[in-house]
């Protein structure tokens, strides 16, 4: 019997888990994938929005503004990089200005500050290579960028350090009422009994809600594709949005906190909740859209493309409420943009809801709020590097050339709570394999390290969980003793 | 039976397409060549094509050692040679050039190490 | 900061060839730095023949070529530092490297030869749509897994790109019992050597599809297949010709990019077409004392030419080192000793124009009624003068004979109160 089961280890589920870990509770997070943050959390624009976009009165608006204000302290506690570089909504067409003024007013209604409309000359100072058609922009100097996966893993690590259990490869197949008012949650391998279940299952939150017999709603996956550019060709220092349309904020040109540039996302409803394929039409669309903002993009320096799916609910707003139908079941669904920006506020509200629903919240005396990130060799001074290598020589062995990631960091990423167990998990925690050669030099070495640390054969090392093993056999294994191969 | 075979010569980058008229094992006529190396190659390709086989074989320490046949062997026996080498295990240390398997597929050609390996 | 005479960054065929030649040309201190645990670079995974026809007059495998060079380098006394990554290079030839036993290493090099080789173009470079499953490799990485680590990357393989690496991999895979279903090439002709098309594809009945490319990759966890299509004159896929090939592995052999991050860091000018440094006939880059050779300079297809090129770079570097040594030996440093604020000029270039006598200008630190001015060389006092009424506000000048300067070394000029010599 546990106190809370959280379904989904995306950024929302991990935030809730971390907030709950402040209290004397038995919390389990069930995740169907092999690692945290494998859904929308790892494939989004990574922007902490100022909050002028969502209509006042919506949960989106309320949580965006509240969440945004909580980010600085959260990132400081979790030791993750976060930069408020500002954002621009650029006007290029004549009636774009009307939209900008609407957004300005909306922003003011939502309590966003500072926020103002700037003219072309100030725009040029911020983005010297902005399209010649741009004549004005809505400038929110405090909008921020973050690494959403880094946030997710930091939350999960901190939660785990404070006692939360994480179960991977554990999809919830059934939720029902048990005796004495508890809910019974079943995965293929285990059964949990819990008074409270928080549904943070992202794209699948509607199915979980239905399965539990709670309020029905529909989540429609809406795909957004992205192109990522080589760091050496990225010197933009502000987030550039186009004037938004009815369904999306549009195709951005945006720096990442790690120094790359990306363009995207487009916006396309899809059928399949697992369809994260990149399409050639999508690539063309985001290039066209991005060029309308910044015509000279380093298109020859794309290092990779990817796609994420937004979880769009049928009322187009967040669903954050205790179920009236199933006691103890809390829905946290439809968290699409500005979901990331709202995350700390969502965690805060869910804890409140659970308290109102009867969960006893006794503060832990030994809650460890602070978490230290894995030392990043590439960011340290030479003195710090020298000290680190003396403490652990593995920090002197560079594994990933493009991002200068050392063996020490990779081993640390594997050994920590909620540690990496696959190539992609190592990549997301350390950046090894994210650079311009996309793992060409480092992946054999990372496989060797994973094999050694996890005590498995290199043949068992996966890209991102079972079924994605990288290597298929040992040399000589496929040679048939009396096969019918022949040279012609 | 008269046959006309086309052979792409690989001796030099020109890559002449040499046509060989052959009856059984007897070469009747060659055309399309530009030099003697080409005709030699085309003759061999048609009568008895040979290839140097390069592959790896297992070492006693679990790693794999790159090896080659010291001379070309009949092309049609390549896979037999591969099969014959499948379960060979070479003891350490090995020196580059050392014979690690004798008389592959009865061709009188030995298989030699193409690098040294100490341990 | 320790000074090394010649530092070669990269211990593959380019670096080793340069190091060997430098030694033969008389450079005494040659250090090769390589990031792997064995030297040889890309040759370690080239178990196939086709190497050495010009340099060794024999046909060798890549591994044999490498071993011959490693042995020769070691015999000549080249120092090879392994498992070491160079992370910084400056224009004044300061190198920052790191390994786990020495930690951080800072070196000042007399001359540097860049031999870092190249990396492979990845899927992102050509934006192949689809999923990102396991089973997509660049051909070189697959070759490394097979020939160095001993693992087979896949059983049913499609290869995109008919460059030599892709063709060689087709044969490696076939010989290991894997099935290569097709080599797909966007151009109307294969980009690798004809020899390889014959001996890697035709020998094994592997179809070569010209004028085609991969337009989609299927499979979420592992590759399940690819969609290929014919391309038009503008290399755009004609989607009505699309067809599916089931496979579990896609190898990409779509080009090589010289690896010039360190070069850029050192402000070496890069040629936009080759992707490598701009060099003169001695392989010297736009930064004095920094030379380049091999794949880092431009992509090669025959290793013998890499060796020839590396020898030119070594000759260039050796020449540079000789001239620098001569220049240092022919510079006299002049310093202000006791009693003087400064002396000008501070150095004499013996390689330049020299008069019969050289005038030096200086200022005293304080007023002196009578003072003794001394000029000292490495051998002792070579000149002295008595001066009266010395004031800091009044410039002092002396003439020093050329013969004194030609003795080289170091001169110190000092001023002492009174008529006594020295202190």
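As written, the chains take the letters A, B and C, and residue 1 is the first residue of each chain.
Just so we're on the same page, a residue touches a chain if its C-beta (ideal position, glycine included) is under 8 Å from a C-beta of that chain, and two chains touch if they have at least 3 such contacts.
Here the structure is a predicted model, which means the values were calculated and not measured.
Among all pairs of chains, A-C has the largest number of C-beta pairs in contact. Farthest from chain A in terms of Cα centroid separation is B. Chain A and chain B have Cα centroids lying 54 Å from one another.
Mean C-alpha positions place chain B and chain C at a centre distance of 36 Å. In whole angstrom, the spacing between the mean C-alpha positions of chain A and chain C is 39. The set of chain B residues touching two or more other chains comprises 51, 56, 64, 75, 78, 82. Across the assembly, chain A contributes 475-476, 479-480, 483, 485, 487 as residues in contact with two or more other chains.
Multi-chain contact residues of chain C (touching two or more other chains): 146, 150, 176-177, 202-203. Residue ranges of chain C in contact with chain A, taken from their complex: 35, 83, 85, 87, 96, 98-104, 119-120, 122-125, 127, 129-135, 138, 140-141, 144-146, 148-155, 174, 176-178, 202-205, 215-216, 220-222, 237, 248-249, 261, 264. The part of chain A that touches chain C in the complex is made up of residues 227-228, 232, 274, 276-280, 282-283, 302-306, 382, 385-386, 389-390, 393-398, 401-402, 404, 407, 436-441, 443-444, 448, 458-459, 462-480, 483, 485, 487-488.
Only residues 47-49, 60-61, 63-64, 66-67, 146-147, 150, 175-177, 193-195, 197-199, 202-203 of chain C touch chain B when the two sit together in their complex.
Those residues of chain A that touch chain B in the shared complex are 475-476, 479-483, 485-487.
If you check the complex, the residues on chain B that touch chain A are 51, 56, 58, 64, 75-76, 78-79, 82-83, 86-87.
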